[in-house]
Amino acid sequence: MSEATFEPLSSTRRKTSPALEQILYQKFAVLDHGYVAVMDYMGTDSAIVQAARVSYGEGTKHIQEDAGLIRYLLRNMHTSPFEMCEIKLLVRLPIFVARQWIRHRTANVNEYSARYSILKEDFYIPRVEHMAAQSASNKQGRGETLDALQAAEVQDRLGKHSKDSYALYEHLLNKDALEHEINPNRQGLARELARVVIPVNFYTEWYWKLDLHNLMHFFFLRTDEHAQYEIRAFADVMLHQIVKPWVPLAIEAFMDYRKNAMHLSARDVYIASAVASGEDLTQVAQPYGWMERNADGTLKGNRERGECVEKLAKLGITVSFK
Amino acid sequence: MSEATFEPLSSTRRKTSPALEQILYQKFAVLDHGYVAVMDYMGTDSAIVQAARVSYGEGTKHIQEDAGLIRYLLRNMHTSPFEMCEIKLLVRLPIFVARQWIRHRTANVNEYSARYSILKEDFYIPRVEHMAAQSASNKQGRGETLDALQAAEVQDRLGKHSKDSYALYEHLLNKDALEHEINPNRQGLARELARVVIPVNFYTEWYWKLDLHNLMHFFFLRTDEHAQYEIRAFADVMLHQIVKPWVPLAIEAFMDYRKNAMHLSARDVYIASAVASGEDLTQVAQPYGWMERNADGTLKGNRERGECVEKLAKLGITVSFK
Amino acid sequence: MSEATFEPLSSTRRKTSPALEQILYQKFAVLDHGYVAVMDYMGTDSAIVQAARVSYGEGTKHIQEDAGLIRYLLRNMHTSPFEMCEIKLLVRLPIFVARQWIRHRTANVNEYSARYSILKEDFYIPRVEHMAAQSASNKQGRGETLDALQAAEVQDRLGKHSKDSYALYEHLLNKDALEHEINPNRQGLARELARVVIPVNFYTEWYWKLDLHNLMHFFFLRTDEHAQYEIRAFADVMLHQIVKPWVPLAIEAFMDYRKNAMHLSARDVYIASAVASGEDLTQVAQPYGWMERNADGTLKGNRERGECVEKLAKLGITVSFK
Amino acid sequence: MSEATFEPLSSTRRKTSPALEQILYQKFAVLDHGYVAVMDYMGTDSAIVQAARVSYGEGTKHIQEDAGLIRYLLRNMHTSPFEMCEIKLLVRLPIFVARQWIRHRTANVNEYSARYSILKEDFYIPRVEHMAAQSASNKQGRGETLDALQAAEVQDRLGKHSKDSYALYEHLLNKDALEHEINPNRQGLARELARVVIPVNFYTEWYWKLDLHNLMHFFFLRTDEHAQYEIRAFADVMLHQIVKPWVPLAIEAFMDYRKNAMHLSARDVYIASAVASGEDLTQVAQPYGWMERNADGTLKGNRERGECVEKLAKLGITVSFK
């Protein structure tokens, strides 16, 4: 975590978040050269409550505490009051992460432009412990970690490729001529063209501004274990080190009703009740191949059935499909 | 259901939905003078699958059936393929319903304008069985149905008020002069001003166009039992009579993973496992007033605790807080 | 302008706008019972510049002044830096104005809900000078002002209708019973139903929060002379009394390049150059009925042709179609 | 232009666009390996008219032709009826173009995912005539074309770098082992990690679906001469070969009122009228450095002043600042 503070104190009649003021402009390090820093914000937990009270008026008189009201709102999908909080972040992140991130459309973005400016030689090399083989079972995911020797070789290759790419970029720009008057007669390729050789592990930078409702949706998707590790690293830092101190009541409710909640499908509920009443599951539960069998009569593997068994186990319900 | 068919058959190489073609342009009646009609559409279940396959490429080869893929997408919050289907509806609805409806921002709307045109004398009067008293327990909702005598009186008052309002509207417009040359020397008030006397039970009309992902979110919120009856009446007709025939696989998945799903909070999950392991609930479960007691030692009512008990009961888990 | 100040001073390291701090929480009166008040904000002109500099990097070194950069951005449709400023307003406005306003979808809204709470007896009566007849030439607009006698009659009728409507509303709610124990045995109609008798000239209230780019688009459309007077009254106050002090450089550029700019169609440009080169306009300019004639050979009226002549006149170019 | 037709004819009661049906599913080639193909659509010019008529009702009776109404709508910024048309495209485009393109947020996107699938060896090499040096005057743009020798060298370098990058990608994936059982004991790196070596000139592919209003805004910005050539190449093909045949009236109006229109700032209008009335420009026109002078008394260059002179010249107005 770096520390740079570059705004003097001034006085305001706006609501302030003392906890967020503490870390304003600080760069929280993520990955090898990335960071996230809060550059501005609007509102606190109290803005959520205030907005809810304009909607519900007298209707909310009886919910006395702010915490209770915020929990009620999130539990019942009354999400618009959470849109009253806004945050602006400065993020330095690899291009391949930026490409996933930008899919969250309900945000304002200003990105460093390689049409106007020259990129820096900053690129991402995964650490050995994040260097994983392709998962055999899961098409989108990582499997076991590479063995140390191969991981080191991969790091080496990535580093060399990144440096070679940047050297070519500089050559195309004729950067030597610009800076040191070497080859002054050679023309530099337009920046917008020279950049096409840059691999997607290079870093870019942007301001990203959005409201708390959309930010929590980002957290819901991007702190999930199925999100790619590199974007998850950013999401985790933002959730726990930045947004939680800013709006602690909203995040407590988010953890309880979204992140750590369990979604049971109509089918899952049905299975649970069938187990409780002792029904024969082979008769009741046959959606979409749950009960397909191999030639020898054993059940074929089925991902959704597996997930159902796992979820119900967490509730203390033992289900056995045979 | 009315029947008007006003486009001739033509040939297309686009995907068509035979079931939706059957009901194209038909007005499905809702409330006393409202309706919903499909005016155009793009895509079918197959468009969802096609979009998912461009994303997952070879990764989806093993999920053989379309139904299985659509279920996988919805279960795992991969919602963007559902945005590939689009539908355009013509809706006639009371203004107070339109005011709730328009809060769904991710849609295209063209509404009848009372600045340009003169409103018709169409207004909504609730049927006796929908005429409910204010709920005592729920600030936003309806309680028991009014007794027949009072319901009839309310209908009567609403009808008279609506007619009086319209008569005033016509008087302000000097409509007689426009149509029958009575009072030709009196000026008609500008339409945009005359309309301000119209109560919100009058009907308006609009084209409403949006993608299937956002439409399913509309259904999730507006077919809920806490939604006001009048908007629910529209949502129910749209869900069951229009969208289900159009994209049956998507709606089947929606019913299973969204509408009829059960959301357990982290707390709910914890209670269930504590019950299974025989823990003393008075020791473990005390968030936000769950265990507050009256002077005589009995538990105070608590809405979230009540919801927890009710949900777990559906799973065959009996919880007793004492 | 009212005065209420209800937040104490605190210190912040965020950028502040001293001019906006001065008027924070003040209610600027609009129409007879409406107002606009700034409740929170994020950023100032400097946030626009900062965002542009992250995009253009070194590329902006040569544009030394902030004003020059902001003007450059707006002139060249680089609108995203303007999204870095955010403002939250509390607005009290008639329902028919709210219905136009809400069409601006890129904003966050929390509105007073008449499902939960009881509406106040606040309704809009136009002043005599805003009481206009329907325009004969313009289907959407107002023509000349009503004569004083008729205007007074209309005000009278509107006032009486509004009071009658509210009396019915109270009767339906059985408000007397709630407050004074009169008719305690009669049931009060559910709030969500009782409100349907309320005409659209009654006031509602909401928090409205959006970024500066979208707010300037709102100003472009709603301060236009074709916008209905009542929404224009709000837009004018917001533009000149609130947003101009907040981001003076952005608004100066907006006035120059948007609000007071002139749009010439390709056709307009062609006509101007044809005039300059002395071409025969009857030969060159015949799009879409511009040169249609009456039986006697004179030109038929044509709105777009008229607008062209008027715009070019402002540039000192005299065009005469014959 | 390729030809693949992969849907049989079926019959529909939806509005069809015969011109668009002709080119449905055809791949229009763009750049060296890119293309655009229409995969589906909803509505035609008539849908715009139909939506406008629901808004304006009787108010539009007098505008008899569809063309006239569409022109009126666009001229007066009534953009919502254009949102009633929707189109779905399949686009193959280089990653650096995709990164500009995705900034248009009001669209639905499903992109090929390199987390799930293996990228193909398709990369973009600019043609000699598009290989330009960095502009000296314009920070974001291209200057003169590189000389032939240097252009050939750049092509060569780009090609070699792209091939090397892809070879490394295959090595990391251990693709030989997957396909030919060479090095079967070496682990393949997870796809989501191996892809980080891919430069941004490689092609990706996506479905892109949006409404006509937002598409025209894309055209306005991306067919502009300041847009990067590579994205402009896509925008031009889409505008002229796809969207113009689909909605000819809307595009004719767009060309006249947007693309080929001229925007005069308040300052430009003032200058024109000052010229017409013979005022001394050195006295009147001094915004933001327009009249700054060098030591020898000559005017300093000023971009906005230059643009003003150029625009007024097109109107036949000669302005001379001295």
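As written, the chains take the letters A, B, C and D, and residue 1 is the first residue of each chain.
We adopt the following convention: a contact is a pair of C-beta atoms (placed from the backbone, for glycine too) under 8 Å apart; a residue touches a chain by one contact, two chains touch by 3 or more.
Computed from a predicted structure; not experimentally measured.
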If a chain touches chain A and chain D alike, it appears here: B, C
Set of chains whose contacts include both chain C and chain B: A, D
Chain of greatest Cα-centre distance to chain B: D
Rounded Å distance, chain C centre to chain D centre (Cα mean): 31
CA centroid of chain B to CA centroid of chain D, Å: 37
Contacts with 2+ other chains: residues of chain B: 56, 58-60, 80, 103, 109, 113, 116, 139-140
Footprint of chain B on chain C - complex, ascending: 94-96, 98-99, 102-103, 105-106, 109, 113, 115-116, 124, 126, 131-135, 139-143, 146-147, 150, 154, 157-158, 161, 164-165, 168, 171-173, 186-193, 195-201, 228
Residue ranges of chain C in contact with chain D within the complex: 56, 58-60, 62, 65, 67-68, 71, 75-77, 80, 103, 139-140, 220-221, 226, 255-257, 260-269, 272-273, 275-277, 288-289, 304, 314-317
Complex contacts: residues of chain C adjacent to chain A: 5, 7-16, 21, 24-25, 40-43, 47, 50-52, 54-60, 80-81, 83-84, 86, 88, 90, 108-113, 116-118, 205-207, 209, 211
